[in-house]
Amino acid sequence: MATNSARLLALLSTMQRIRAFEETAMAGHAAGEVPGPLHPSIGQEAVAAGVCANLRVDDRLTSNHRGHGHALAKGADAARMMLELYGRAGGSCGGKGGSMHIADFSVGMLGANGVVSGGIPIAVGAAQGLQLLGSDAIVCCMFGDGAINRGPFLEGLNWAALYRLPVLFVCEDNGVAAFTATASVTAGPGVAARAESLGVPAVAVDGNDAAAVDAATAALVATIRAGGGPRLLHARTYRLTGHTSTDAATWRATDEVAAARENDPIARLESVLRAEGVAQPALDALRDDALREMSALRAHANAAPWPDPASAFADVIGENA
Amino acid sequence: MPHVTLAEATRLAVLQEMRRDPRIWVLGEDVARGGLFGQYRGFLEEFGPRRIVSTPISESTIMGAGLGAALVGTRPIIEMRIFDFVMCAMDELVNQIAKIRYMFGGQARPAVVVRMPHGIWRNSAAQHSQMLEGWFAHLPGVIVCCPSTPADAAATMVSAIRSDDPVLVFDPKNLWGATGDVPDEIAPLEFGRARHLRHGDALTMVSWSACAPLAEEAADALAAQGIRVDLLDLRTLAPWDEEAVAASVARTGRLLVAHEAVVTAGFGAEVVARMAERLPGTRARRLGFPKVPVPFAPPLEDALKVTPARIIAAAREMLA
Amino acid sequence: MATNSARLLALLSTMQRIRAFEETAMAGHAAGEVPGPLHPSIGQEAVAAGVCANLRVDDRLTSNHRGHGHALAKGADAARMMLELYGRAGGSCGGKGGSMHIADFSVGMLGANGVVSGGIPIAVGAAQGLQLLGSDAIVCCMFGDGAINRGPFLEGLNWAALYRLPVLFVCEDNGVAAFTATASVTAGPGVAARAESLGVPAVAVDGNDAAAVDAATAALVATIRAGGGPRLLHARTYRLTGHTSTDAATWRATDEVAAARENDPIARLESVLRAEGVAQPALDALRDDALREMSALRAHANAAPWPDPASAFADVIGENA
Amino acid sequence: MPHVTLAEATRLAVLQEMRRDPRIWVLGEDVARGGLFGQYRGFLEEFGPRRIVSTPISESTIMGAGLGAALVGTRPIIEMRIFDFVMCAMDELVNQIAKIRYMFGGQARPAVVVRMPHGIWRNSAAQHSQMLEGWFAHLPGVIVCCPSTPADAAATMVSAIRSDDPVLVFDPKNLWGATGDVPDEIAPLEFGRARHLRHGDALTMVSWSACAPLAEEAADALAAQGIRVDLLDLRTLAPWDEEAVAASVARTGRLLVAHEAVVTAGFGAEVVARMAERLPGTRARRLGFPKVPVPFAPPLEDALKVTPARIIAAAREMLA
C-alpha cells in the first residue's frame, strides 16, 4: 500500500472512531445513561483528524464545547472519555467535568471549554509558556465560527502575532452557532481577513476533505514549529446533527442537510481510498472496529461504579486546601 | 388566570409589557428563535427583528449595547442566556451599568433589565451551574431579583421592565418548568418584600430562588412532625426585606438560612450578620453549597447540594 | 471673510478653548486645587474640534479617559466642567465623577470613561436605540490607539456593521498607550485594516490638520446619517504632554517631542488662517479670550462651595432606593 | 533588614523568587517600565523581555494567557494594574482559573498569581476605587490575600508565587507608600493565619487591607482612654482564620469588623455570621462603606469612608 493510502487510512480510522464514539454516546444519552448536555461533531470529523494528525503528543490542544473529536484525534483515551461522559469513576476528569470539560493532559489535551472562545487566551498563554521554556512544541487552538465574534479572538490573535507564538488557530466553520446561522451575525469578509488584519496569516481549506486538511495543516505546522509565528486555518465543514444531541435542528432547510449528507467527510475519504485501490471490506472493517470498540466502552462505562461521593470535595485547591 | 410554567409566566409578562411600550426590546443570542428556554417564543413574529434582536456571541457588547440603548431612552431587556456568560460582560455590568447613574451625578438612567438564568441545572457542571447572586447584592447601583414561582417571576419581570434602575433578574433554571397561576393582568412586584410561605414559631427559615421550594417541602415535612416554622422567600436580595426577617426572628429566636449558593460569604451571611447585629442571642445557621465548584456526575452533585432532607436535619438540630 | 475662514476660525476657537481649559486645569492640579488624576489631550485638539464640528447637539458622543476636549467640542459647559474637575457643587456630575467621568447629557455627551474601550459598546447600543426610535441622530465614539487591542473593539465594530448602525468610530491615534508605544503591542497592519475586516469602512486622516479632520468627518457623517452604516476615522496625532498631568513623559526621545511641537495643530491651523489673510491679532485674540475664560473659570471653581456631603448618598439608584 | 515601602517590599519579594526560579515571569501593561507603582522597577534589565512582558491592553488575554502558561509549567504573575480592570477578565478568572483544577479532576495546576491593587485611592472615583475582595472569598478555587504591611505584603508574594493554587493578591493601593522592615530573606506567609495586632479583653476588632492601620490607630486611641481591644488583621480571606477570631470573641463577647468595602454582603458579613453561628450571644457590628459607589470629590469620599474616628465611635457605642 502506498504511504499516502496508509496515512489516509489512519485519518479514516480516526474519523470512524470519532463518529462511532459520538453515535454511541448519543445513543447512551437517548437511553438516559449519559447525563448533561452532549454536543456532537458528527460531520466535522475531518477537521479533528486532519489537524491532529500533524501534532506531536507534547504539542498542546485547546478545544471548545464540541470537543470529543479533537480529544480523540489528539490521542486521548476513549475508554476514560466514555467513562467521563457517563460520570463514572475512572473518567478523564473523575466524573467532575463531563462531555463539555473533557481534558487529558497526558496527551497535551488541555481541555474542552464551556465558554465560547474560552480556549483562545489559554492557548496563546500555553504557547508563550512553551516559548519561555525553550520547547519546540506548539499549541493548536480549536474554535467555531461563532467564536470569532467574541473579544478574545481579537486579543488572542494580536497577542500571538505580537510575540510570534507557536500557535495554530483552527476555525472549524460549520456555518452555525447554536441555533443561529453565523452569516447572519458576522459582518465583514470573514475569519481569514480578520486574522490577517491582526497579523496572523490565514489559509482556507475544505474541512470535509481530510486529505486537504492534513496537507494544509502539515505546511502550517512546519512553519510554526520553525519559529514562523502563528497561523490560522479556516476549515469549512457542516454539523450533520443538532447543536446538542437532543436538538433535531428541524429549522434547517432539508435540502441543505441532504446536500451535506452527500458531502459527508467519511464517505468522501472512503471514495478517495477506493480510487487508490483500497477494497471496500478494508474500509468497512475500520467502521465496524470503531463501532465495536465504542459499544464495548459504552457497556463498560454503563456498568462502571460511580465516583466516591467524598471525591466531590477534592481538587478544589491543592496544598492550601 | 392561566396556569403556566415559570418560563411561560415570564414570557407572558414580557409580552404584556412589550405590547404596552414600544421602547422595550430584547437583545441576546438566539432570542429570535424564542430563546434557549422558549421565554421569547413567538416574539419575533409579533415584534420584528428590531425589537427581538438575535445577536452575535458578544456578551460584552450585548451588555454594553443594552446600556447605550437605555441612555437614549429605549428600555432593553438584556438576555445573557445563562448566568455564567455574564463573566464575559462584567466590565459593562459592574463598571458601567451599576455606576453610571452615580458617577455622572444622576444624569444617566440605566433602565436595563439583565436576565441571567442561574443555579444548578442537573449535570451541567462547573461552568453552567453558578449561583453568585450574593455578589450583586454587595454591588451598589443594581436591584437583585431571585424569584421562585411563576407568579413572582412574572411580577418581577413587570417591575424590572418598568424600573428606571438596572434590575438583575436571576431566572431559576431549575424551576423553568415549575407551574403556577399567573393573573391575566400581571401587576408589578414590590422590590424588597419577602413572601411569607409558612407561618410558625419554632424557627425562622429564609430562602430564595430554586432553594425556596425545597425549604417549603422541608417546612411541610416538619409541620407533619409537629414543628411549625416561619418560612420567608426573600424574592429580592437588593433591596431585601430585613424587617420581615427581623420580625420573625424576634419571635422565634432561631434563624436558618438555606440557599443554593456556596455558604461562605454568600448572601446568607448578610442575613445572619444583620440579625446578629440587631438581635444578639439569635441562634443562627446557614445551609448551602460547600466551597466547591459544581461537579458533573449525579452522585457528586447530590453529595454537595441542599436538599429538603438536609434542611430538615439542620432545623431539627437547631431545635434539639 | 470667506466661509471657509469662518469655519476654520471656529475650529481654532474650539481648539484654543480646549488647550486653555487643560493648561489651566493642569496649573490647578499642580497647585493642589484639582484632586485625582488628570489626562490632558494637549496636542490632540484638532481631532476633537474637527470631528465634533460635524455633530448636531442631538448626536451622541462617547469618550474615554482623555475626554476634556471631546466634551468641550461637543458643547459641554466649560464652567460646569471646571467645577467638576475641582469636585465642587454645580459640577457637571455634582462632583461625583471628576475629570475621568465628565458627562453632559444635555448636549449628547454620554460620558468619559475610566475603562479603555468602555465607550465602544455603549456607543453602538446608543446608535441601536436611536435606530429603534426612528431618530436620524448619530453616535460618535472616540477612543485611543490603545483601545484597539481590547475585545470590545472587535465586538462593537462587528455589531455596528451587522445592524448598519449610525456610528462614527474615531481612533485618536497618538502612538502611545499610557507609557508604552502602541506599535510595540499592536500586530498587523493597523486600525483601518481591522475595521475593514469587521465590515466597517475606514478612512485615515492627519489628525493634526484640523481642516482635514473636519472635511473627512463631514463626508463620513453625511454617509452615516444617510443610513450608510458605520464608518471609522483613523486620526494620527501626538500627545504633547504626559499620560497624566504629573507624568513628565521623560522616556520619550527629545527630538521626537521637538518635532511634534513643530507639528502643533494649533500653530498649523494658525498658519493656514494667516495664509487665508486672517491677521495675527485676530488669532491671538482667540487664544487670549480662551485663556481669560478659563482662568476665570478656575478662579470661580476654586472659590466654589463643596458639594453637600449628604449628596454622597444620592443617585445610587432611582425610585427603588 | 531593609526598611522600605510596601511597593518596594513586594518588589524585593518578587525579585528574590524570580532569581530563584526561571519559570517565574510577569505579564501586564507597562511592566517593562517598572509597573504603575514601581513594583517591577529594574526587572526588565535583569530578566529581559521574555520574563517581563509588557502587554497590549488586553485584560482577558493577560489573565487567560497567564493560565495557559501555568498549564505548561511556567509560573506567571498576572498584573492587572488596578483591580477594577479585572472586570474585563472575569471569564478567565472565574470560569477558567478558579474551576480548571476541579473540572478536570485535578489534572490542571493553575499556579498563577493575580495581582490586583485595590481600594480607595484618594479621589480616583468609582471606576478606580473598588473593594470587592469579598466576592472572591465566596468563589471556590482561589486563595485570597489582603496584606496591610510591607512585611506581610512581601511574605504574601513569596507564598503566592510558590503556591500551585491560583492566588489573588489585593495589593492595598492606599498603602503602597507605607513603610516597614522586611527581612533580607523573605519567608512565605502561612495562608489563613491572622496577625494579632493588639491584645485586650474589651472587644474583638477584625480588619484587613487598608483598613487595618486605621483600626490600629483606633485601638491605640481607645487604649489611651483605657479601653483595650483585641485587634486581628486577617491578612487572607480565603482561607481565613476563623479559629483566632473565635478564640478572641469567646473571651470578649463583642465583635467589631471594619473594612473598606461596602458593608452589605461584604466579607464582614461572613465573619459576623460565622461567629453568630458558633458563639450565639456575641454582640456584633460591622463598619464599612455604605452601599454607594466611591465618589470623586474629597468631601463626598470623606462622608462615606471608614476612619479611625468612626471605628472609635462604633467601639465606644458597643461598650456603652
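Chains: A, B, C and D, in written order; residue numbering restarts at 1 for each.
Criterion: a contact is a pair of C-beta atoms (placed from the backbone, for glycine too) under 8 Å apart; a residue touches a chain by one contact, two chains touch by 3 or more.
Just so you know, these numbers come straight off a predicted model, no measurement behind them.
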item	value
Co-neighbours of subunit D and subunit A - touch as defined	B, C
Centroid-based (C-alpha) most distant chain relative to subunit D	A
Contact-richer chain pair [A-B vs B-C]	B-C
Computed distance of Cα centres, subunit D from subunit C, in Å	36
Whole-Å gap between the CA centroids of subunit A and subunit C	46
Where subunit B and subunit C are represented by their mean Cα positions, the distance between them in whole Å	40
Sequence positions of subunit C contacting 2 or more other chains	91, 93, 95-97, 101, 113-115, 149-152, 155, 158-159, 162, 185-186, 316
Junction residues of subunit B, two or more chains touched	55-56, 58, 60, 84-85, 87-88, 91, 95, 102-103, 125-127, 140-141, 291-293, 295
Arrangement of touching chains [line / ring / star / complete / other]	complete
Parts of subunit C lying in touch with subunit B, wherever the complex brings them together	60, 62, 91-97, 101, 103-105, 110-111, 113-115, 118, 120-133, 135, 139, 151-152, 155-156, 158-159, 162-163, 314-320
Interfacial residue positions of subunit C with respect to subunit A in the complex	149-155, 157-159, 161-162, 185-189, 193-194, 196-200
Contact footprint of subunit B on subunit D as seen in their complex	84-85, 87-88, 90-91, 94-95, 98-99, 102-103, 125-127, 132, 134-135, 137-141, 238, 261-262, 264-270, 272-277, 280-286, 291-293, 295
Residues of subunit A defined as touching subunit B within the complex	35-37, 87-88, 91, 93, 95-98, 100-101, 113-117, 146-147, 149-151, 177-180, 184-186, 251, 306-307, 309-313, 316
Of all residues in subunit B, those that touch subunit A in their complex	29-30, 32-33, 54-60, 84-85, 87-88, 122-128, 290-293, 295-304
